[in-house]
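Each of the two complexes below includes subunit A, the first together with subunit B, the second together with subunit C.
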Partner chain A sequence: MEDKNILEVKNLCTYFFTDRGVVKAVDGLDFDLEEGSVLGIVGESGSGKSVTSLAIMDLLRGTTGKVVEGEIWFQGRNLVELSEEERRMIRGKDISMIFQEPMTSLNPTIKVGEQVAEVIRLHQGASKQEAMERTIEILKETGLPRVESMAKEYPFQLSGGQRQRVMIAMALACRPKILIADEPTTALDVTIQAQILELMKELQKKSGTSIIFITHSLGVVAEMCDKVLVMYCSKAVETGDVNTIFLEPKHPYTQGLLASIPKIGSQADRLDSIPGNVPNPKHMPSGCKFAPRCAFADERCGQEEPPFFDYGNGHKCRCWLCEKDFKG
Partner chain B sequence: MFFKKKNPMVTEENDMDTRWSDFLRNFKKQKTAVVAFFVLVLLFFIAIFCYKIAPYGINEYNYAEKLQGPSMAHLFGTDEFGRDLFSRVLCGTRISLSIGFITVTIATVIGSVIGLFTGYYGGILDGITMRILDAVYAFPGLILAIAIVAILGPGLANAAIAIVIFCIPTYARLVRSCTLQLKNSVYVRAAKCLGASDLRILFKHILPGVFPDVIVQYSLSVSGSIMTTASLSFLGMGAMSPTPEWGLLLSNSRTYFYSCWHYAVFPGLAIVITVLCFNLLGDGLRMALDPKLNDRA
Partner chain C sequence: MNDILLQVKDLKQYYPVTTKEQGKTFVRALDGVTFDVKRGETLGIVGESGCGKSTMGLTICKLIEPTDGQIVLDGEDITKYGRKQMREIRKKIQMVFQDPYASLNPRMSVYDIVAEPLVIHKLFQSKEDIDARVIELLRQVGLDAYHAKRYPHEFSGGQRQRIGIARALAVEPQVIIADEPVSALDVSIQSQVLNLMCDLREQYGLTYLFISHDLSVVEHISDTVGVMYLGSFVEMADKKSLYDNPVHPYTQALLSAVPKPDPRERKEKIILSGNIPSPVNVPKGCKFHPRCKYCTDICKEAVPERTQISDSHYVYCHRAKEFAK
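So, the complex of A and B:
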């Protein structure tokens, strides 16, 4: 099983060194991405999902953030140790990314087709004409209408959904091994969301690209992902495959997240929600980070941080409640 | 505005280059700027063909007709050596416009490159460069130009160098601030994600975004540059006699100011019209290029 992992993240620690102190955005994160699978990373805002993706892409340079510890293994190489130039060659070619805001992620001053062609020329050294032909081909694959003329348009002439399709085309132009999608559908309306997800699924099946899908929508996770990683306060609290997580969530936080999805047909007046807020990263509670909001927390939760309890089959949970499952 | 979508039925031809046509449409709304533009076009032709149009040679002395008022023979009158002022003012156009454009173009290129790199990379380099430029910026333009000319010696070429030096900080600052803004934009991050190199990001993704601001500043700076050239010449630090430079003409006219009004008025008018047109054009360009100002209009 091990050798099928295309990306292995081990003990990733990404800290932001601000004037007011160190903010641990990602603190000891481990996960594996299996080849050809889709991993969903779920969590509230500020739980470190996006920072994780930036660390993998090496986009933290120039910010106060830094990967202080950990390894990111990709194709037998530890990305953390590579030079900036080597990282750049991997970006876009082997690992690429789609962003949350399709409105702003295309350069407004360059024609759509040229932007896609740029990636192809950059990584595959194709001539201008070849690149343009490839571009048209790829844009067609994303289901855009009247591709030939659209390639000559500027981004502002496209709708949000169309722009996200162009982004997907750009990201997949070089047939990357891994695609990181950072909330790619959040800014789109629901019907377009479904279309974009459908498209990504289809392209993923066709090209065998592995996807890291970052989102806070569990509905999207259920539809898209094979495995799920639930993050809370810069740490993974539970991981497992989709069915396990949705059917037998062990961590109270996961259970809370699942309970807060509105259900059709239920007569509840109020939505279930998890009480309280994400703690300030500068004043993290000692012990379990979720303890202050957890209905099951006892004294030990406030003092000692729980380790991962391994249920086997990739299902792990970081909660003291799981301990009894192993004692008994 | 974001959802501005063209009718999918439009054909390819009229769908292309919309940025350009948008700009043209917005620019045409600025009536004064359009007029200024055409006046400047006229001035350009004068600058190119001045020696052909001029009725007299610029150094054609005629002591019999010195200091005459405007007449059919001499439209702008004559100077103390009997030279035809109309011809001299006409030929001064070439000097003023070329100095204006050459200096500002060089300053724009140097300033933009400095601004792009300092803004993008930041750090110590940025700090040091910007403090030096701030120091340059702290001097009033003309005073600095005088100081530089005092070091390099008077002459049109040195005046031009002085103007380039004091124009650079304006552009470096302008481009730097735009770069700072754009380098954090999602599309620059997206370009990075796709493996674009720093140089590519700078010149292909950031520079075009900076362009509108630079163009506006360019037009305004050309007028400033023409003014400064004229000022330096007026003060005896720029063009040397017998060059028909407008500032120099003004300077020479001082002696005859009370007896010959035309000697001062025509070169002065030439400066005023040129500078005014560049300023009006600059304002018009700003209105046409800034979508925020447009939508309200």
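So, the complex of A and C:
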């Protein structure tokens, strides 16, 4: 494991075993998270980006999903091989997570202050009173108003943005090494989204936490991330630093995604769009998964899965079109 | 022919509520909105959750009765129309809803969904004619004839939204009110549906009222854009003026908050403090003043009048003239 990487994911395969067959939600995913950096994982619904985060957090227990292959290296340990108990010691302390829907991810029957304090008591062995004092401090850091009274309120009494700030407080309570944010602003209005993104940037600068930022919004990625991983149908199709991905994307899917978002001030009459739909996970095409929707696909694309061509500097692309760049 | 197709005057929608502090009072979902839409024009309405943009769509379609104000469609005042009279009007005005999962009856086949308006409005007499029209409509929205026999659950989100559009098109309406039609869709599918809506507009000369929280989508599809805050407009202008020279501080903040999909354009944003106030307890004077950094004494007292910046650009702000430079 290289020193600068705080997390290394190797050949991660997460399958769901349902009554109607196996769904390969994540199938052979590799990526590294550099210490202190922000990695964006983008993809459309069903691409496997959320399942990846659940696998890292070990939150697939109790579902039909299972990590069947692969390694997740964190601080010299392969998380996949650890026991449930050991994973629990890491979850919430070293690696924590913010979820999309702040209403459903907070417990509606427990006061928000107590929910944050629970994390501190559990991982830092603080007394009830110490934990509460720390909680008030952390809630203040997230910019919430009238913290003392708000800590005694229930989630339903808070607005969406306020709830998301509570989630962030909870996730950052133990100063984690890694924060996984799964669509943290998707349910919020733009002006509130701007507030939350600003807060995350600030906290990241202050604490040096490494962040995995999962989102479908390319705008948010361009704004927040250093590195980007584009997923399509349970695999990484392209990865690189944020400038490379946005300015010189190589994969037709990345190019298509970028072209299909309306840009303010562009004055285009029509948007480019990617034809067709994301394939059903139970009937995955053989070969390149994107081939049926790709304008450049030829016969080989439908038969052989392309390798992950490595352009250096972390830029990799899974497409046969890249092959010509590597010949001779 | 009348150039103005839809005219809305001082439209209000109040819901009675009882609160601990104020006793019997109202949620002012729509607090006096006035605008015109020209034939063939697309008016985009943007605003954050709770600003009243969806209520406006429902009220104009008279799916909820307005508290006060006037709605004139194609020269006809429909404000006081009852159910029976509205049935005739609905041949002219149709809606497309946000959630393609909730807005199609799961027990009806696609054929039944698209044919229903044809049957209700008795547009065709024979079964053959209805069959032919349903298939024609499905093809127009990019679906196939064999899809008619299927049920909504067999379709993806984008395809369901196409079915919803086919249903709205069935009666050949003049106006379509589209309430967040692409918000539930993935980006690659979103652009397909937006392109479809643009094609249909051209083909049938449709007039759209396009409601969305997404400023980039609204910019793409609209001719004129109105920005709402707490039940009223704060600014309305042709697309170019609004996006190039936003005047109202709220519009400026809203535009600056949109994340741009270009890493070279990371810049300081205008971050608004606080949240949108509750529509039960609307701030006095300018509704935006508690969050506005340019707020002066008059903003706290008087409701701002409509200030004309140019022929097609007006703003509700006391300091509009000053900001417009």
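Following the convention adopted for this analysis, the second predicted complex is superposed on the first by the 324 of 328 C-alpha atoms of A that agree within 3 Å, B and C clash if a C-alpha of one lies under 4 Å from a C-alpha of the other, contacts with A are read in each partner's own complex, and residues count from 1 in each chain.
Definition applied: a contact is a pair of C-beta atoms (placed from the backbone, for glycine too) under 8 Å apart; a residue touches a chain by one contact, two chains touch by 3 or more.
Owing to the predicted nature of the structure, the values given are computational and were not obtained by experimental measurement.
Applying the stated clash criterion after superposition on subunit A shows that subunit B and subunit C can sit side by side.
After overlaying the two complexes on the shared chain, residue contacts for A:G312 are found with neither subunit B nor subunit C. Once the two complexes are laid over each other on the shared chain, residue contacts for A:M170 go to subunit B alone; subunit C is not touched. Legend: residue contacts after superposition of the two complexes on their common chain; A:E153 is shown touching subunit B, with no touch to subunit C. Of the two partner chains placed around the shared chain by superposition, subunit B is the only one that A:M89 touches, whereas subunit C remains out of contact. In the superposed model, A:M57 lies in contact with subunit B only, and not with subunit C. With subunit A as the corner point and C-alpha centres for all three chains, the angle toward subunit B and subunit C works out to 80 degrees, nearest 10. Legend: residue contacts after superposition of the two complexes on their common chain; A:G161 is shown touching subunit C, with no touch to subunit B. Touch criterion not met for A:G21: it reaches neither subunit B nor subunit C. When the shared chain is aligned, no partner comes close enough to touch A:G125: not subunit B, not subunit C. The gap separating subunit B from subunit C at its narrowest, counted between C-alpha atoms of the superposed chains, is 8 angstrom.
When both complexes are aligned on chain A by C-alpha atoms, subunit A residues 145, 159 touch subunit B in the first and subunit C in the second. Those residues of subunit A that touch subunit C in the complex are listed here as 44-45, 145, 159, 161-162, 189-195, 197-198, 216-223, 242-243, 246-247, 256-258, 260-266, 268-275, 277-278. Taken together, the subunit C residues at the contact with subunit A in this complex read 48-49, 156, 158-159, 186-192, 194-195, 198, 213, 215-217, 219-220, 243-244, 253-266, 269, 271-272, 274-276. Those residues of subunit B that touch subunit A in the shared complex are 2-6, 8, 11-12, 15-16, 18-19, 122, 183, 185-197, 200, 204-205, 208-209, 211. Against subunit B, the residues of subunit A that register as touching in their complex are 57, 59, 62, 88-93, 96-97, 99, 101, 103-110, 118-119, 122-123, 145-146, 148-149, 152-154, 156-160, 167, 170-171.
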